[in-house]
Amino acid sequence: MKRAMSCPVAMMACVAVIVVTAAPAAAAEPVCAKSEIRLVNSMREIAQPYHANLEKGGRWFAAWAGLEHYVLQLNQGDSDKQISLMRLLLATNPRCTVFNVEPNADLVVKPMIDAANRSGAWIVTHWAHNEGLHPFDGNDHWIAHIAVDSLGAGAAISKLLVDAIGRTGGVVALQGRLDTDPARKRFAGLQQVLLQTPGVTVLDQQTANWDRTAAFPIMQTWLTKYGDRINGVWAANDDMALGALEALRAAGLAGKIPIVGVDGIPEAIAAVEKGEMIATVSSDAYYQGSIGLAMGTCVLTGQVPLPASWPKENREFYLKLVVISRDNAAQYLREPEPAAYVDDWQCDKLWSRSTGKAF
Amino acid sequence: MMPADHQGPVGSTPAATAQELRPWTPLLALIVLCLGFGLAEPGFATSENLWTIADRSAIPLILAVGTTFVILQGSIDLSIEGVMATSSLTFAMSVFNSRNGLDLGVFGLGLATLVGAGLGLLSGLLTTCLRVPSFMVTLGVWSTSAGIALLLSGDQPPLIKDPMMRALGLGRSLAVPNLFLVAVAVVLLGYVLQSYTRFGRYSMVIGGGEDLARLLGLPVDRYKVLAFVFAGFLGGLAGALESARIGLGHVDVGGGQMFATITAVVIGGTSLGGGRGGVLQSAVGTLTLAILTDGMVFVGINPYAQKAVQGALILLTALGATWPLRHRLRIVK
Amino acid sequence: MTPASPTDGIAPIASNDRELRSYAGQAARRFAPLAVLIGLLSALAAIEPSFLSPYAVNVLADESSVILILATAQTVVILLGGIDLSMAAIASLASVLIALALPAVGPSGIVGVLALATLIGAVQGFVHTRAQIPSVIVTLAGLGMWSGLALTIAKTTIPVTAGYFAVGWLTRSSFGVPNSFSVALAALMVLAAALHLLPFGRHVYAIGMAERATLLSGVRVGRVKILGFALTGLFSGLAGLAMVARTSSGSPTIADSLLLPSIAAVVIGGTSITGGVGGLGRTLIGTMTITVLRVGFATIGLDPAYEPIAYGVVVIAAAALTIDHSKAHIVK
Amino acid sequence: MTVPVLRVEGLSKSFAGVRALDDVSIEVGSREVIGLIGENGAGKSTLLKVLAGVLRADCGRIIVRGTPISPANVAAAATSGIGIVFQEQALLPNVTVAENILLGHERRALRGGFYDWRKFYALAAKQLDKLGGGISPSALTATLSFAERQLVEIARALAIEEHTRHEPIILLDEPTSMLDANGTETVLGQIERLRRRASIVFVSHRLDEVVRVSDRICVMVDGRCVATRNRATCSIADLERLMLGHKLDAECQQQAPSPTLGPKVRLSVRALGRNNSYRGVSFELHAGEVLGIAELAGSGGESLCRTLFGVERADAGEIVIDGQPVRLREPADAVRLGIGYVPAERRLEGIVGGLGVRENMTLAHLDELRRGPFIDLAAERKLVKSWIERMHITTPTADTPAQDLSGGNQQKVVLGKWLIGRKLKILILDHPFRGLDVGIKAEMFALIREIARAGLGVLLVGDTVEEVMALSHSIIVMKDGLVSGHFPASAAKPSRLQVLERMV
């Protein structure tokens, strides 16, 4: 029985291997007609401002580029689903499909890359992925990974925070979901800064899972525990920062204790403008939501050579971040015009916001 | 949700059964926890921190009261999170907010609770009319209402600008958090309903022996629907209050509340099989959880160990309650 | 003397129901789950033909595999009249341990992890039967403890740095069928065979229908139950394994989102949540239905915002169509 | 006789083919007490359940004060003035006594939609006081003793008076069967009191009671009302004859065959005791012997049986099987030692209703039917088929769900479940004839004698003294948990009276 089976199995395996290896080779030259190109934005949800803006960016680009096939895939925080949705979509017309992916967790990146390589679809990923994984290691359909320097972001806001409290005193830190890369790196950024400013100590740190409602009671507990020993609040994202802010408001301390966050969501910017927060960092969701699609389109329309031939630093690079503090908050308050991004979408300016290689 | 065979232990001594009906272990656990944390962290026992705990437990208390009636009847309500989300959005968009011109104030609160009650009504009718287990129905209603919330939320969650509502959510009256006052009121309401109205007593009866209740011609279905409506109503209230606190209508406003609430109710000693327990027990359970969470933040325990500790606590309280009742013929599903 | 069960006096009513129930209706009920699945598939295919393309079906099969593994063991426990809420948590824990074990000790580590998972399940079963705590509470506690443990062991995603080959084969296909699915299906069939050919299976159904009578027939009910929960443990481990294969990493939250779908799969298949009635064939169908529901709407290009609503509606509708009322005249 | 308040015309009811009621017609006059007697399974309970709206009759009419009714449930029956005390208690364990008594009639204790507990308890107390039982209306029902719960049941029926304008019709289904002397007296006293304002149908297996309180006595046999006697014109003796006349000749008269006892002692019990059930029970059961336990229900015999099957733990004494002292932790242990048990509660503990006859009959001995690890289905089918024939079990197929069989055939299945076992040495029969129609009962009698002849030891707790005396070689009489009389096989057969006087 076994012996009888093993042979076909082996054959199948061969076939599979051939298919896998052949797929990219076969996909080496194709240039799709505009009408064939399908753009996909794969993200967690659209209830949060950050994600909503990702989605807007994508739609803006599709409209500007005159591509009618634009697909939005939401996984509602279910990593398994994010993978499944991609793979199922590839049932049709994979070769002309471009994925712009905000990974629900680091671990979804690899399977999605594999799916792309196998089917011949094209994919750009954001934020972070498991270590030891690179577009330029034979992943020809993984156009690029646009990393966010979470450590830098964490450090940037931390600097502003310690300066704001006069480089001395105690701060409390709200961490994101610890099983995500940004959460760890941003906190590392804080620790890095604190090494240089021995005057400032972290009184306490907890995770609030990126969540505003979770941050609120934790902040309350800290206020009762440390009282006025808290000179500043560090949050790994704006949502938690705003949760903490409400807790301060409840204690009548809104605006009296400096808060920093990351993401640059409108509310946070408003808070910064009002002086209730002192800073946030924006990775520009509109840009993240569109640039991957732009890259893919440029590749498929043949306006840039196939990624395989790109220099490494163009395949995996850091995205420029904007620190928003009181002095420049005003200009980010309003929603930007699509036109503002047209320049970034030009096939010769795809890397205009790169701050260097991320590997 | 689970079928619990109410066949008492063979030759059960009254003592045992009495114990089964009012286990003191939950209250004990609560006290032990307080003492434990109090000794571990002097700052814990301060009145200020107790008010923080009160504030933290307000929303869970409201949810627990509603869920208790459903569970007393032997059903289950998984839809809490969805209901909260929908009502949160309804609330945020009907009081003075950043999205539209509406400014209904208190009526916004009413509207939100009505929406909650409506969803509860839906669950109730579906279970009783289609005779689908509440487990499946409320699972579906959860997803559906979450979807509705998503639609309402659009791309910019509506901010609540109504100062009165913010005050309700954040303010305190004589050092007591307003939300806690609301929660206490709800618990009292729940207690009165449970022990002084047919709704409450029949919930007990239905949980104790639904087919007997039907045989005796009680309008079982009506009271089942009522329980879901009440749970939905309080779910809606909780959703609205939570968003009054955080200042916006938010889809994830109830994140994690479903398991938390059921856990609290169970820790309190209300049987998932129905017919045993009550509002006060659930309140105790909720406070236990709140103190546990707060205390662990206070002594700085790794947040992930917290989940484990909660689990262990469930087991211990259950052990304490059921160990004396073990019997060779006691059927436990 | 057995003290009054409130239901004692009413038995004849139940027997009346039984007399009244129509056997034609019975037959209809039998095939309702399948009908629902077929209806759903054809509806989706009508809108998006590629949904039934060999490739898509292949992907669907692959997607269903993990839920299928979870639902399979869950079915046994539900047939026993209990439930296991801790499966997803154990699966996540297993994924973490496997991801750690593969580089460290190689493939043999997998065996160890599976053994551990089985033990965990058995222990839960033991506590449930010995302390006579309802399974729903024991496993709710387990849910907390195991995921808490997983999160403390691995604060984050753990990529499989070495030894992936040991699980990688699961992601490939043989004869055009994804191996993960073949494995899950095989597991289901083995268990189905056990339920029909071994005394164990006979005991499971008997306990689910009438635990007392079974106990008084000299069946060691406790053992059977513990075995059942050991199975959920083992299969949770397998699910974790499959997740590691799929994502080439382990994560303390990796399987959490699959708990309710896997239970829903059992119920939608038509297995009575009160125990004793149903089977693994039904669960196979139920799993397919749930999988299609999870990803189907997105593929037909339904606006994602409406997806949860559609999901909820269809779940309830499916349940209403597939659940067999004639067996249990009380619905909770 | 006065105008009938309740008239029953041609009532019939069958369960899965077995006729429980066969064209029954009776009349109950106002303020009249009708005694309903008959063997278990004669249809008394069924009749009462139909009248009370628990069951629907297949055909026939129920006429209350000239208006035909067909109550859909107990509440509906109550509105037309019919209240019932169930034989098996139907109380909610998790609520107060008061709530159980007033269930469905709380309205009168509400003030503005809210419970006025003082009034509530007062109303309930009023009912309880009629029984004088000193039960607190605010007590949790589950905390009451069985007898107390029985009184609560009765109080609930008495409450009917309050709910109806007319004089109530109260159905009492063996209200005294579980009560001690005092309890019984109170209940009978109640009936005496009630008869001044209510009509009563009173079922009891204690003829003396019936004769004492009833105006007329209706004798039921096999679902038919075979005779109606006025109290004045009947004696216990001829009631008995009417009740089990033919059977007196059929079985009860023909005494058990003179003991062909093997010398082998199968089971010997020494000073066995269990906290509040029974004490100091000792006896020996020989191979081929049928040992009958005669008792009024609740005197400890049943509990003793359950102990010997490992269901209940004994606190004192020892159990010796074939010379070996044994510990029985759970029924499985007993089964492995070759003990079989036919429980009194067939529906709850005897059969697995949803499983087929075949699965039920082999449930206890699957290990003996294995080929390798698997169940040898072929062998199983063959074995079951042979036993179905041998025991004359009437069932459509071997795979028909046991719950669809008639009570008698279900009982045969339960019995067969044990007989199938190869290692069976001791068979414990706990009220094995409950609710069986006469035909089946006779067959069971024969079967049991055959089993004994085959060298098994049989321990029997019967419903009636007749059963016990007809089947047993030796008889133990139990009263209040103690052995009040022991008539070993060696000694002369005791008279019915000898046994009875030790029972009460």
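Every chain is named by a letter (A, B, C and D) in the order it is written, and numbering of its residues begins at 1.
Just so we're on the same page, a contact is a pair of C-beta atoms (placed from the backbone, for glycine too) under 8 Å apart; a residue touches a chain by one contact, two chains touch by 3 or more.
Keep in mind the model is a prediction, meaning the values are calculated, not measured.
The chain pair with the larger count of C-beta pairs in contact, out of A-B and B-C, is B-C. Farthest chain from chain C (centres taken as the mean of C-alpha atoms): D.
We define each chain's centre as the mean of its Cα atoms; on that basis chain A and chain B are separated by 36 Å. Taking each chain's centre as the mean of its C-alpha atoms, chain B lies 27 Å from chain C.
Averaging C-alpha coordinates per chain places the centre of chain B 44 Å away from that of chain D.
Under the contact definition stated at the top, the residues of chain C that touch 2 or more other chains are 1-3, 5-6, 9-10, 13, 151, 155, 212, 215, 252, 305, 307-308.
Residues of chain A in contact with two or more other chains: 46, 178.
Contact of a single residue of chain D with at least two other chains is seen at positions 54, 90, 92-93, 142, 303, 311, 330, 348. Counting only pairs that meet the touch rule, the chains in contact are A-B, A-C, B-C, B-D, C-D. Taken together, the chain A residues at the contact with chain C in this complex read 8-9, 12-13, 16, 46, 71-74, 76-81, 83-85, 87-92, 105-108, 110-111, 114, 130-132, 178-181, 184. Residues of chain B touching chain A in their complex: 43, 46, 48-49, 51-52, 55-56, 149-150, 153-157, 159, 166, 170-172, 242, 245-248, 250-253, 255, 293-294, 297-298, 300, 303-304. Chain B meets chain D in the complex at residues 6-8, 10-12, 14, 17-18, 20-21, 192, 195-198, 201, 204-205, 207-209, 212-218, 275-276, 328-329. Residues 1-3, 5-7, 9-10, 13-14, 81-83, 127-128, 130-138, 140-149, 151-152, 155, 211-212, 215, 252, 260, 263-264, 267-268, 273-275, 305-313, 315-316, 319-320, 323, 325, 328-332 of chain C are the ones that touch chain B when the two sit in their complex. Those residues of chain C that touch chain A in the shared complex are 50-51, 53, 55-56, 59-60, 62-63, 66, 151, 154-157, 159, 161, 171-175, 243, 246-249, 251-254, 257-258, 294-295, 298-299, 301, 304-305, 307-308.
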